[in-house]
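To keep things simple, chains are lettered A, B, C, D, E, F, G and H as they appear, and every chain counts its residues starting from 1.
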Amino acid sequence: MAKELWKGNEALAEAALRAGAEAYFGYPITPQTELLEHMSRRMPKLGLTFLQAESELASINMVYGAATVGARAMTSSSSPGISLMQEGLSYIAASEVPAVVVDIMRGGPGLGNIQPSQGDYFQMVKTAGHGDYHAIVLAPSTIQEAIDLIYDSFELAFKYRTIVTILADGSLGQMMEPVEMPEFKEWPEERPGWALTGAKGREPHTISSLYLGAENLEKLNLRLQKKLAEIKANEVRYETLMTDDAEFLIVAFGTVGRIAQSAVRQARENGVKVGLFRPITLWPFAEEELMAMTRRVRGVLVAEMNAGQMFEDVKAIAQGRIPVQFTGRMGGTIPLPDDILPALDTLIDSVRSRNGNKPEPTRAREVSA
Amino acid sequence: MAKELWKGNEALAEAALRAGAEAYFGYPITPQTELLEHMSRRMPKLGLTFLQAESELASINMVYGAATVGARAMTSSSSPGISLMQEGLSYIAASEVPAVVVDIMRGGPGLGNIQPSQGDYFQMVKTAGHGDYHAIVLAPSTIQEAIDLIYDSFELAFKYRTIVTILADGSLGQMMEPVEMPEFKEWPEERPGWALTGAKGREPHTISSLYLGAENLEKLNLRLQKKLAEIKANEVRYETLMTDDAEFLIVAFGTVGRIAQSAVRQARENGVKVGLFRPITLWPFAEEELMAMTRRVRGVLVAEMNAGQMFEDVKAIAQGRIPVQFTGRMGGTIPLPDDILPALDTLIDSVRSRNGNKPEPTRAREVSA
Amino acid sequence: MAIAEPITQIAPDEPKLEEMEIIYQRPEAVAETYTHYCPGCTHGIIHRLVGEVIDELGVRERTIGVSPVGCAVFAYRYFNTDGVEAAHGRAPAMATGIKRAAPDKVVFTYQGDGDLASIGGNEILHACARGENITVIFVNNAVYGMTGGQMAPTTLPGMVTTSSPYGRDVKLQGAPIHITEMLAMMPGVAYAVRRSTHSVAEIRKTKKAIKLAFEAQLKGLGLGLVEVLSTCPTNWRLDPNESLNFIRDNMVPIYPPGDFKVHDELKKRR
Amino acid sequence: MAIAEPITQIAPDEPKLEEMEIIYQRPEAVAETYTHYCPGCTHGIIHRLVGEVIDELGVRERTIGVSPVGCAVFAYRYFNTDGVEAAHGRAPAMATGIKRAAPDKVVFTYQGDGDLASIGGNEILHACARGENITVIFVNNAVYGMTGGQMAPTTLPGMVTTSSPYGRDVKLQGAPIHITEMLAMMPGVAYAVRRSTHSVAEIRKTKKAIKLAFEAQLKGLGLGLVEVLSTCPTNWRLDPNESLNFIRDNMVPIYPPGDFKVHDELKKRR
Amino acid sequence: MEKSIIFSGFGGQGALFAGQLLTYAALDAGKHVTWIPSYGPEMRGGTAHCTVVVGDEPIGSPLVRNPDMVVAMNLPSADKYEPIVKENGLLVVNGSLVKRPIHRYDIDAIVIPANDIAQDYGNIRLANVVMLGALLAATELLPLEVVEQALEDHLPERHKRLLPANKAALHEGAQFARTMLPTEDGFRARAEKK
Amino acid sequence: MEKSIIFSGFGGQGALFAGQLLTYAALDAGKHVTWIPSYGPEMRGGTAHCTVVVGDEPIGSPLVRNPDMVVAMNLPSADKYEPIVKENGLLVVNGSLVKRPIHRYDIDAIVIPANDIAQDYGNIRLANVVMLGALLAATELLPLEVVEQALEDHLPERHKRLLPANKAALHEGAQFARTMLPTEDGFRARAEKK
Amino acid sequence: MAIRGTVVIESDRCKGCELCVHVCPQHVLRMSEGYNARGYHPVMLDETENHCTGCSVCAVVCPDVVFTVYRMPRKARARAA
Amino acid sequence: MAIRGTVVIESDRCKGCELCVHVCPQHVLRMSEGYNARGYHPVMLDETENHCTGCSVCAVVCPDVVFTVYRMPRKARARAA
């Protein structure tokens, strides 16, 4: 198929439609609004449900409602709007209905600005709201990947009756790239067995997150934990670049992951044996794969568009065996190879001095500077 | 001073008043409502501001407002209500105004139930809402400690212009214990220099979390990170019990921390050399202290009233040097010594078998069972 | 939940039930389940009326009820229909999602005054503004029942509650709000009325109103809203019968039952 | 921000400024700062009126303004008063916190229609219900200006916006809401009116209304609310003058300026 | 020494207050003590209970899975808590409402017609104090006098006129238990198997 | 090869569209390419810009700190971006609006009276295409024809009647640049020091 | 007196709220002394003379759907009279 | 004609929206050809005959507080006339 030029937000919207989205509820917020706008143009024509909600609080609860009848429902927002959805997300998770949520992150905390950021890693990966659960968190680094991931999202969401999040940043939402748009997916007419379809010829179905009595709620939680374990076993995704012979490893996700590719290529040109580990599922995280890799390399550099959130997880995985260092930019500044390469040098230096080696005369940065 | 019997929620309220709280905004939610109710009885008599808000969303933004004029403002809620405050909390943090927030956690996710839980660890400790920041998170394990901590909270909040959270669970809120209530604190009449007091004879003051331009927002973030580092350097609190000669360590906070005391005593009676490490500040976490301790013991057991949230942090700190295992109950069931001791045995077993030792004939549980 | 066998107190002149007509029995749409409501709480009456209406309209098998957070949190268990539990105040948003995704379903929310008029004010406002084709049963008992009787936006002036221990002070805490009158102004609302449960006659009127509110939905006219004055004997600290009198004497003067908006289509059939 | 020296276009018969009276000049309460508003956007006019009123009432040094999230997000920079930036829709809650903690301050919010009537519906509703002693300037431009012209709850029927590309369909998206009329019903509201900016006369009336809304606060009468019809030339895709006409011809018929509630104390002095 | 007691009954029977009385008394006696109630909507129309833990050292858990003692004021409470009383523990049952035999033989049990005794003192609401008296007499938790003092100090103002009746009921409960203890094996059913 | 270009001007001058044209052309030419605009309220009354990165391999960063080329359609854009053009890079400036000399000597610069040329073709709005033509002529980014094709394919329907004018403007811009390049050192100010 | 109507009471559903007792126009309902399975004194039909008319007013106020109401068809009543 | 009033225009604040031009009853305002520092064509006072009355209508509509309006005091005007 011929490639077309798509804007990230619009590509996400269109790919969600082709993935089978039936109902979209959302509220404008920069830098994701084009997603909502695309839906407002397309869905009425396709006979699907588009509704601009009065707030993000309402959107997520509309998604919750639509999900209970077995519809493929989704919303999208950006960081402050996602914060407003935390209660709703927790309810959806506890009720075990499927939902897709797109978060096009912007600079925080607070109102911050509308520039790209990865400041929602904690809020989306560690938890989203109160209680013990995780959404599946997918972090695309290109528009094509965003399309491919959201194209899988409803299947994942329905398979596990869980929330699937696309976690991307404003630059991915705003940029255009040539991509291939997939075909419309076929979905069965029939609603899943758990859905609310009216108590016709069967006992009433109820969907709730209320479990009076500690035992009942513990049972739910054990079931949730079991499901999470299953997802962890089946759904880990990540990508590596030039890790085979790597002495050093950069770990980065999303936009920083793609920028790190450039950094890796530049460093390689300068003779530094560095590879890239790019987690695609932030939850479940490719713990084992990364751990295996940290056993082979001499140092790890984590690059993020935040103050070091995934960094904490990578450190935990590396278990102190090798130095794990961080480089990041905040507030909407995208870390470029110019930021990453010096940090890589620092890492290499500290590894070498730690190993008692004097830093070697020709270092990466001296050449590339 | 003679001890009096106080209910946790009411003790927190009264101690907050004695600590200097001037304005309270809140919304009823079990199991914290007695805190609000105590405020409704006391504050009008003391000439202070009590207001029941229309929602948690409103409460936190009222707190935000009151904080901007330099008032000692606070709110309280429980897990789902705290989820609704995530956006507001992020704004407060970014605006660098002081606020005190009490979270009396209940079972989740979703509506869950009203039984005690520690399911908000992630949501309060890792972040609260979008963006990079942390509140100071204080986790009392007795009512007396709750009083003492909240008694310090406004000073901490004003010193660092930050959010201070009291993170406790429903059982602490609902139980009664004999405690000593401190005296009313004296505070200076004058508002801090940054407060909004009207642009009289000075340039207007503005308080905002909006930073257009990536550079400006990055500057704010660097300032916030610097402050966090300072807090980390100064404010770590924790408690240990019988760790001097401990071979094994239990790590637990809040209510589980106090229950673990009983477990430690029981195990000691059975000749198991186990100690307790109880973090009091969950953020900043006593990383170094715990790390030092993990270098001396042979295994760590983390006990929580959730699926293992702090567990992740403890594992990261132990860096794989020794086994770190988890025991927890969810959904409102409090883990009792009966839950903790078998888990401790399992840990001991796995350490011994890992070390090639056969499990010794007389094990703790066999005696105490 | 097992229910004990019915015990009949047999009168001297033993009636033969088989000879007699059944004048009243539990509606099919009301589940047999024993409710957790306090003795005499009129939540139960309102449930029953909703069930009767669902039966009479023959829509049980395509109805989805949305329960609130409040004492009626378990409403989804008490109707023999499909049901969901919403987050506090968000039932109208959830119902919107349900109805938009499954327009052939009959969707109703059942919400308390704390739920609808306090935390959930914006969701009901905008469901009304959009004219969502749903039915809203709004139970006004002037307090937060479930959490132990705190002040609600509907609490009467001077009324002592656990969070207004000195009586609601209108100057500080505002006056009771008339949310139904207000919502009636929204063009998307087809039907907005207030009713009560304080007497047999009022209960009968309430049922008629609930029926019209469902009919508005069936006819696609827009949102139907019935506010029902209801008791909370437990938190009012009155016995159930005194509580009915409290409605009559104290609530009705402030919240007079009445029709605030009735779509022409609905007037016709009356 | 540095402002270039004023340039005067001197007329042939050179006026000597020092001989003349200043009839109009920038109010002290309006900051010298250059605003980021689009050319001809009437947000600027409304700012100026608020500034004039603050000056005339002599309260600049004890005023705290609360800016919304919306095009007026930087309003706190444009007034020579203390100011804060609220979260989207929460300005009334924040103002409540400020006013309750510092009752001697004069507190106003400045909010757009998306901010006040959409996401922030509940906060304004309850500020009105409680009768918070604050002043609310509500700028209705029928769209979400800042985010690029999406549909607002106030968008006119049939109006094309970036999120109602086929025109607002009242059946699907609801009819425009009249939030000021609705809020006027709240007992805590002392003053609720609608005004416009589409002509000199209307602007003058708007100023009077804003003054009364502040006076309501100064007299402790309750909440004062002024809705002002305002343009968004950029998103309406009209030039600034056409935009004024759009208000006159299209908005005024749907949102007629008028007084919906005026506290007796305020009537007296008129 | 650390002892845990659950007080349980219908809402309105005063189980929570009985527990609080014991808690106040323990405090006055210089003990460590915690009191924690059941709470929330579970109380609607159901039973209310509280757990009191008294000890010489700081209390670890304010909740227990197997209490040392249970005071059950009605049938549902007896049904719910009899099975979880600790082995060799004590169950005090309101015989006025619980008309069934005690099933367990590995615990002590006192069946006391608390409602009837309370009625004798003019108020059925005193049943809780009667049962507390019985509990105290049958154990070495605290001297009766300390609880008497606690009654004086903590009886809500509006009930102050009932103080004498309360005290009398307390003693009567204790007396009843004392007479039961050594003699009637029907009531004090120590497990035979041991 | 990977080249980055910033297009910048007042809102309404069409800088974003010029960037998109180049992007479409790059796509058609089988290149890897990204386009990213400035967005949000910063655009209100200010300048709008976009960054295009064209390369033979997948593009890493869609944003750059020091672009290879800048097309500055007004003075604020020239002021903002001249300092950050990469050494030996290219700055194309709209001479109709930028009446100041180019300060840097370590970059190439083309100053083209784009508005005036556009006016010659009947519409000042063609200035963006004029400048794009100049950019293409001065570099080896893409052949002019590919961009011409992109114009045909992607000119919004409502502007289709302006297609001939657009094409002509594109060529005129290119022609202007070509004539400048080898000769006029005032415009093409290659750094002397090197 | 002939039977006009009667009610069947599901005693275990009854919460003893007494609302029905207050509204029964025939005053034939009263609370029993005993407890039902849930600990409430349930309502009972106390008729010496078959005063219940089957008017179902009790059912209208009962929050707990305790009553099933029966009425003798007019025909049958006529017969009995 | 004698001077009745005039306006001082802070050109660099002007965004060229032309609202003032439309409302000036004396038609003495028009847009300049040139640009101001922000890239707009600012408004200018174009008087050959001192028609400006200082009515300040321009100031009332200007969203950007560009105008300071002056008026000749009646006394002075009388003198001049």
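FYI, contacts are C-beta pairs under 8 Å (C-beta built on N, C-alpha and C of every residue); 3 or more make two chains touch, one makes a residue touch a chain.
Owing to the predicted nature of the structure, the values given are computational and were not obtained by experimental measurement.
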For chain D and chain E, the touch-path distance in steps comes out at 2
State the pair with the higher C-beta contact count; candidates are E-G and B-E. B-E
Report, in whole Å, the distance between the mean C-alpha point of chain A and the mean C-alpha point of chain B. 28
So, what's the distance in Å between the C-alpha centres of chain E and chain C? 41
Between chain F and chain G, the Cα-mean centres are separated in Å by 90
Taking the mean of the CA coordinates per chain, how far is chain B from chain H in Å? 63
Could you list the positions in chain E whose residues touch two or more of the other chains? 41, 45
Provide the list of chain D residues touching at least two other chains, using ranges where the numbers run on. 37-39, 73, 85, 87, 118-119, 121-122, 125-126, 146, 153, 172-173
Can you list the chain A residues in contact with two or more other chains? 30, 51, 54-55, 57, 80, 87, 91, 95, 111, 208-210, 212-213
Any idea which chain D residues touch chain A in the complex? 69, 73, 85, 87-89, 114, 118-119, 121, 144, 146-148, 150-151, 153, 162-166, 172-173
Residues of chain D defined as touching chain H within the complex: 3-4, 6-9, 11-13, 15, 17, 19-26, 30, 34-35, 37-45, 47-48, 200, 203-204, 233, 239-241, 244
Once bound in the complex, which stretches of chain F touch chain A? 20, 23-24, 27, 32-37, 39-41, 57-65
Contacts from chain D onto chain C in the complex sit at residues 118-122, 125-126, 129-131, 153, 170-175, 177-178, 181-182, 185-188
Parts of chain C lying in touch with chain A, wherever the complex brings them together: 31, 60-64, 66-67, 73-74, 76-77, 79-87, 90, 93-102, 105, 122-123, 125-126
